[in-house]
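My questions all concern the structure below.
All chains are identified by letter, namely A, B, C and D, in their written order; residue positions are counted from 1 within each chain.
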Amino acid sequence: MNSENFSISEKIVSPSYIRQGSQARRSHEQLIRLLLEQGKCPEEGWSESTIELFLNELAVMDSNNFLGNCGVGEREGRVASSLVARRHYRLIHGIGRSGDIAAIQPKATGSSLLNKLTNSVVLDILKLSGVVTSCFVVPMATGMSLTLCFLTLRHKRPKGRYIIWPRIDQKSCFKAMITAGFEPVVVENILEGDELRTDMEAVERKVQELGAENILCIHSTTSCFAPRVPDRLEELATMSAKYDIPHVVNNAYGVQSSKCMHLIQQGARVGRIDAFVQSLDKNFMVPVGGAIIAGFNESFIQEISRMYPGRASASPSLDVLITLLTLGASGYRKLLAEQKEMYTYLAQELKRLAAAHGERLLHTPHNPISLAMSLDGLQAQSGKSVTQLGSMLFTRQVSGARVVALGNKQMVSGHMFCGFMSHSEAYPHPYLNAASAVGITRDDVTLCIKRLDKCLKSLRKESSARSGSPIPLTGQEDHAGEYVYKCNKK
Amino acid sequence: MNSENFSISEKIVSPSYIRQGSQARRSHEQLIRLLLEQGKCPEEGWSESTIELFLNELAVMDSNNFLGNCGVGEREGRVASSLVARRHYRLIHGIGRSGDIAAIQPKATGSSLLNKLTNSVVLDILKLSGVVTSCFVVPMATGMSLTLCFLTLRHKRPKGRYIIWPRIDQKSCFKAMITAGFEPVVVENILEGDELRTDMEAVERKVQELGAENILCIHSTTSCFAPRVPDRLEELATMSAKYDIPHVVNNAYGVQSSKCMHLIQQGARVGRIDAFVQSLDKNFMVPVGGAIIAGFNESFIQEISRMYPGRASASPSLDVLITLLTLGASGYRKLLAEQKEMYTYLAQELKRLAAAHGERLLHTPHNPISLAMSLDGLQAQSGKSVTQLGSMLFTRQVSGARVVALGNKQMVSGHMFCGFMSHSEAYPHPYLNAASAVGITRDDVTLCIKRLDKCLKSLRKESSARSGSPIPLTGQEDHAGEYVYKCNKK
Amino acid sequence: MNSENFSISEKIVSPSYIRQGSQARRSHEQLIRLLLEQGKCPEEGWSESTIELFLNELAVMDSNNFLGNCGVGEREGRVASSLVARRHYRLIHGIGRSGDIAAIQPKATGSSLLNKLTNSVVLDILKLSGVVTSCFVVPMATGMSLTLCFLTLRHKRPKGRYIIWPRIDQKSCFKAMITAGFEPVVVENILEGDELRTDMEAVERKVQELGAENILCIHSTTSCFAPRVPDRLEELATMSAKYDIPHVVNNAYGVQSSKCMHLIQQGARVGRIDAFVQSLDKNFMVPVGGAIIAGFNESFIQEISRMYPGRASASPSLDVLITLLTLGASGYRKLLAEQKEMYTYLAQELKRLAAAHGERLLHTPHNPISLAMSLDGLQAQSGKSVTQLGSMLFTRQVSGARVVALGNKQMVSGHMFCGFMSHSEAYPHPYLNAASAVGITRDDVTLCIKRLDKCLKSLRKESSARSGSPIPLTGQEDHAGEYVYKCNKK
Amino acid sequence: MNSENFSISEKIVSPSYIRQGSQARRSHEQLIRLLLEQGKCPEEGWSESTIELFLNELAVMDSNNFLGNCGVGEREGRVASSLVARRHYRLIHGIGRSGDIAAIQPKATGSSLLNKLTNSVVLDILKLSGVVTSCFVVPMATGMSLTLCFLTLRHKRPKGRYIIWPRIDQKSCFKAMITAGFEPVVVENILEGDELRTDMEAVERKVQELGAENILCIHSTTSCFAPRVPDRLEELATMSAKYDIPHVVNNAYGVQSSKCMHLIQQGARVGRIDAFVQSLDKNFMVPVGGAIIAGFNESFIQEISRMYPGRASASPSLDVLITLLTLGASGYRKLLAEQKEMYTYLAQELKRLAAAHGERLLHTPHNPISLAMSLDGLQAQSGKSVTQLGSMLFTRQVSGARVVALGNKQMVSGHMFCGFMSHSEAYPHPYLNAASAVGITRDDVTLCIKRLDKCLKSLRKESSARSGSPIPLTGQEDHAGEYVYKCNKK
């Protein structure tokens, strides 16, 4: 209520109470003022009541909520279902304009503010880990966002045909290059101890072989499943600078890890990183569907933002803004600290379990999120036990535990990946992955270890009962969905 | 509740009442059954209570809502803010998988069902107007969806460099081609009476000039601002077939018009249409951010869907599903009937108003949504009156009324458009646009006419008072935002 | 947002857009201002967005939502469940104080405003039909609210033991007297044509017989089931005045009827009405649980309000305020007009149906809401057919159609009612009631008539098939719940 | 979804995923089954998703949500505002029937289940602390609920005129007796150390003086502000039994304290307790407006429930059910443990603060919730300082800290209370109350102590600056609202 309405209210309820109410309102306004002024994530999270007050305030500034508006355009923010209107807090116009996804909409002042503030608050969070200059939220997941980066680079490097890509076995980042119309040049990783790491020499060989001007960019990766570890970003960035090749980093779930963010910082400091892309859902615990495109050169990031043709959904921006206002910077830091703590706990528990079953925790100290436990013994029992473990975990509601058998082959968009899922043509062990990602709880770890233990025991029993006969697996592969692929010896 | 729980309830509340309650539940289940079985938009809209029951049922099938789930993956559908969880009905996993935006997610059975059903229900609605074979909802607005279509075509036509495009002055469809990395070949429209129509001869000339194999596709448009009218789709489709060139139609807000849909039908019948793209928000009264990519060849539509790299937001799918279940097919048909009725009403009122002010309603019978009223008299008064009218309407909360002055020039992604906004290098009249789009009400029309009348009167008075002196417009251009551009004579 | 925050926003989004947004906000504030200033139901309903903005504003003024509050009392408005907090818009403190249910709470300025405004808006609606001086909403249904009135009167009339009550067969108003500790003196109605009307002579006889000073009050009724009609309020009010006996009117669902309201007006004008009580749910389409206690003497109404010991739920007040703001006075008048229209339609359809089945619509022109159709033919068929009809309608989801057999006897709180449910010891016809109450739709009437027709036909068929043998009714009585009682001849 | 719909879904999404989804659903159903079967508060709290699923299930069983219902009654559960419908989860029919607030409604099976389950779950929680036989939730706050108990007793003791009431200075329990029409007989407390305790001899004297048969009941109190402590329930209950006088206990916020509950247990074991009444909001952290009436004799509790005339709001029942399902029994026990812990912390901090300011924490070990700190020094400074402290705390957002000056006199419903607010005609110290009530946090205590410290320091400074001159208090009394009353020497 404005001051006039507070005055009138003093005639209905005692003035001193109204004054206190008005003062209470001011403390919400004060929080909003700080946000508007500084564009930063508040240190302490806001209450739901402040957040909803703020979103309502934004909504009344959009023309579809004007009380006296009449609309005769082709796009007026009309909503047929009140369920839909409510779930979007009546912010209907999306973000951006035909010219630029970061542009202001005359019809939607509130949505425009939302968009600007979200980008600003997200930038503030990225800055927790170092110098970033510019970023924006885009309502597409990581893969499509990488595509947009590549499409933008095409206009700067019309001769670029190839993208140098240290292998990581995850389909969408591979397809991002295909979709953009480029030819991925897969550089196999090298084995160092248990870890799979970037083969810098092979990268340089490829650059020289293809000719720097024909290469659109280097496309590297931070966050990934163990035993692969983040790429050697410093060396790759240095090489990018040396050969004047753009460098785009897939930092999918790396915001949650200070190690990944540090790698990007260092890369940008010593060499060249043009843009790095991260998932909203994997780093900020929001629904799937958004990403952040960030970089150190504001004008290049703006070029990407202007490359997006037309308006876009405000839904991912709204989700991440609500989430960061709820958590506050302190709440987000707390989540990151818990991620680290749970990583240590998970590692220790997996180690213990592995020992008990004659397996071992692979030694992958460069990977700050994902862990892998060998399944050599299980594999020795029977070829099918490994895939069966995947099915068993799935039906026991252990989600995200990924079983990797040896020797899978998979054709993805015309490229044959040998040893698919293991990031390597010939990784020496079958294994199981488990990750400590942001938001994981102690219960998740404890339950997972318990169920995994049971599954391993039951598989051993079965195996000894059968004394070597093949495990009947009729119709079970499909349980495992994305986790298990058929194994064909090369 | 399941039958067991109903039985137990009979011990608490009289069995006959419980039986009636259980029967009442069955009538909701029956509606859900029909939807699952037929995959069609229900004829009559559902109550909010059925819709929410259904969405809750979907949500409990996603692993993030399993009561006993433990997650050790990098993406577990965790949500930090309960406000965010609630507004998505706890459907967090988005849609699609790395392989395909239409694919099923093992971790998210409910979201997968949602995705399949949405595509199926939307297809049913498209079929209201003829034979469509396949479609899917994509959480990107029309422009980016067109980009995706072009990127898919690239893989089929590696030599394709050009896109033939009958001019329409709207930035995002133009940028869609640029972003995809192609060169738009702008074909100017020809004037027939007041209408701007496709110049078929010019199109064919361009095809022959550039060589069919170098042309990625023809990119035509249905819905547009008068006095431009929908492209001659039959002829374009016939030409596409003749020269074996793909044909993509920008049907942005054409679903709401039986005329536009009929054009597409006819085009596909007599010639070739590979895909047509339409906005969710403009046709279905949902928030900005989604589109439907549809076509007559299922396998090509699937190719596009598989081209999308990675998962995507379920939010636009959720919105359109809720909306169509709320409206029912009959409700949607009713909206379309009202759109038609309001078009007639708007035309009649604009005609009356134009006459009163010495202007006229341009004769554009081929455009079923947008209308244009000449502003020749206003222009004669003073060059600035026309742009001033735009500002005045904006501040009077008439949204969507677009004022088009003569002689604007605009550079868009490196291409200079003369007479920008008028779809023509030299349209003979300045004019004002108003549209009857789905969801418009009688009040919208009445208020708009009333305010427009006032503005025109006030401009005339001002003008006669000044007896020809220039209108001072300090700082007013920016009010008008996207509607008014500076006029520079060529 | 306050003006300071709007100013800051101008640095983020173009000032002219922010100004328009701020102006749009002002139009919501303007509506709120009018409400605060005039305390009247707005003529036009508010949008949901204005209502929620307003409720959020109220909530921030309550101490439980103060951002810096620390609470060390025994009642601090803490809420354990966020589902609960949200559904009450975080208004937790209820209404009133130990001294008075209408009093202001220092800890809850927002809730206090809510309470004052609700009473004021409700008063405005009551005034639509004439001069009322004072009223308040109480979170108890009609029965308990009547009890509170009687308890208040006790303090003014310590010798009062009896309450004179023209018979109406509805339990809660009878129990209201018993609960308050008084002895109801039941005055039987007289038959005029088909109508049951107040027997004024019998009332006066009772007054004289018992002695005015021993009578706490006369307790009359307006809205009731046909063929009973509203009491002769003018005559009763005149008699109250003559003998100086208080007069309390049970106006349960009479606000929706101009006839009932007019009777009260007239009664107060020519005689004495101390208070009249009406249900919130039955008149305002809100959930069960609230009532309005109103009267023409402000100080007596305040006495009742001060008689309520302690705080009370704000939930019914919140519901009725939201509802009236949503409808606006014009929306409420429209509902009343529809009620009237549907009454006529229902009467006509029942008449037609009755004729077709050899029955007749009872002639009860004084009852503006409820109608009754004779069931003499059905009764003639078999004694059980009448009760069976009740069961059949219940299982066919015709709710509220009440079948009244002859000769029921029922003991209620120690008083034996002969001919229970028919308001008379010996009404000449069994009958079926149907009512046109506020919110009824044409579909309700049409469906009811259709199903009733089917039931009557099927009963006739059954009967002729059995050629007179008794209808087996095992276990069906309990379906009918409150509608059907066993019939014992006196 | 029922099993049929799951089967159909298997044609849309892989059967193994659907089976997992259906199994996930079953785990929610399982929780619901346990609740229905046992009627107990679940040990572990439910997720919001289970709760909302359950409430939706209840709602579809109510006739207002039947898809094919047609209503021709006067009360059909129609709702005009969708905001209102949603906030009540579409449960509109309230609870109870005209005969009994605990009765089942034929039209509202879901609401009836809700009502039964709520009473059952609440009973389970009361049983945590001993043997209770019966209870029900009533949508009236404590005061009105006590009134209902007294009104019920009237029918059993027609000669009862007096209620024996050991003094406690809280208006609503006093008014509860007045409203019910009885004469409260105030028995002053006696001072034992710092504590004010029941004067058993005076009680017995009064009983003998008035004659047991003329006494409606003894009305005792457990939870209260220090330095008053809970009544000697064992002795009072014994005396009730001895003289055959009913005994009603005001246990307002005593459920949260094992001490208060134990007193009631013991009272019932050794003597007579007919009913005890507790607030929902003060014990269960829900909005104001409900109470629980409980007792050890099921038939008497039923009598009270049958005394409530008519239907009633389901809102308080819904709130407490949601809350207890959210918390689970373990969550509620945790809250109680925290209350105890915070009591100790508050006591220790107040003690420390008191010492620093030359005051002392009054020794009131029998009061498990409320504490009092003397203000003798402040009083010595100036008569006004004590009341000023109240104002200062109020404006500094310390809510619930109650300052009690000496010598207040207050007339309540015709009875003059000397030393009002201190439960005694001549308590030797002015003091300040603070309470550790359920839901209090460590922050509440810490902030309160800090602000209190500041206030006391500032008052001392002011006082020494003025060297004894009176503190100007213009317009400040009203800040303090309910806390401070004018002091008139007797």
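Keep this in mind: contacts are C-beta pairs under 8 Å (C-beta built on N, C-alpha and C of every residue); 3 or more make two chains touch, one makes a residue touch a chain.
If you want to know which protein each chain is, UniProt gives these names: A, B, C, D = O-phosphoseryl-tRNA(Sec) selenium transferase.
Since the structure is predicted, the reported quantities are computational estimates derived from the model, not experimental observations.
Q: Report which interface contains more C-beta contacts, comparing B-D against B-C.
A: B-D
Q: In terms of CA centroid distance, which chain is the most far removed from chain A?
A: It is C.
Q: Please work out the Cα centroid separation of chain B and chain D, and write it as a whole number of Å.
A: About 56 Å, centre to centre.
Q: Using mean C-alpha positions as chain centres, tell me how far chain C is from chain D in Å, no decimals.
A: Their C-alpha centroids are separated by 29 Å.
Q: Between chain B and chain C, what distance separates the C-alpha centroids? Give it in angstrom.
A: Chain B and chain C have C-alpha centres separated by 48 Å.
Q: Note the residues in chain D that touch 2 or more other chains, in rising order.
A: 14, 17, 20, 48, 52, 63, 66, 68, 82, 106, 394, 479, 481
Q: Report the residues of chain C in contact with chain A in the complex, numbered from low to high.
A: Answer in residue numbers: 1-2, 4-5, 8-9, 12-14, 17-18, 20-22, 24-29, 31-33, 36-37, 39, 47-50, 52-53, 56-57, 59-63, 65-68, 82, 86, 90, 104, 106, 109-110, 112-113, 116-117.
Q: Considering only the defined contacts, which chain B positions touch chain A in the complex?
A: Those in contact with chain A are residues 48, 51-52, 63, 66, 68-84, 87-88, 91-95, 97-99, 105-107, 139-144, 146-148, 151, 154-155, 170-176, 178-181, 223, 225, 252-253, 279, 281-282, 284-290, 307-316, 319, 322-323, 326-327, 335, 346, 369-370, 394, 397-402, 434-440, 443-448, 451, 479-483.
Q: Touching residues of chain C toward chain B in the complex: what are they?
A: Interface residues on chain C, with respect to chain B: 14, 16-17, 20, 82, 394-395, 475, 478-479, 481.
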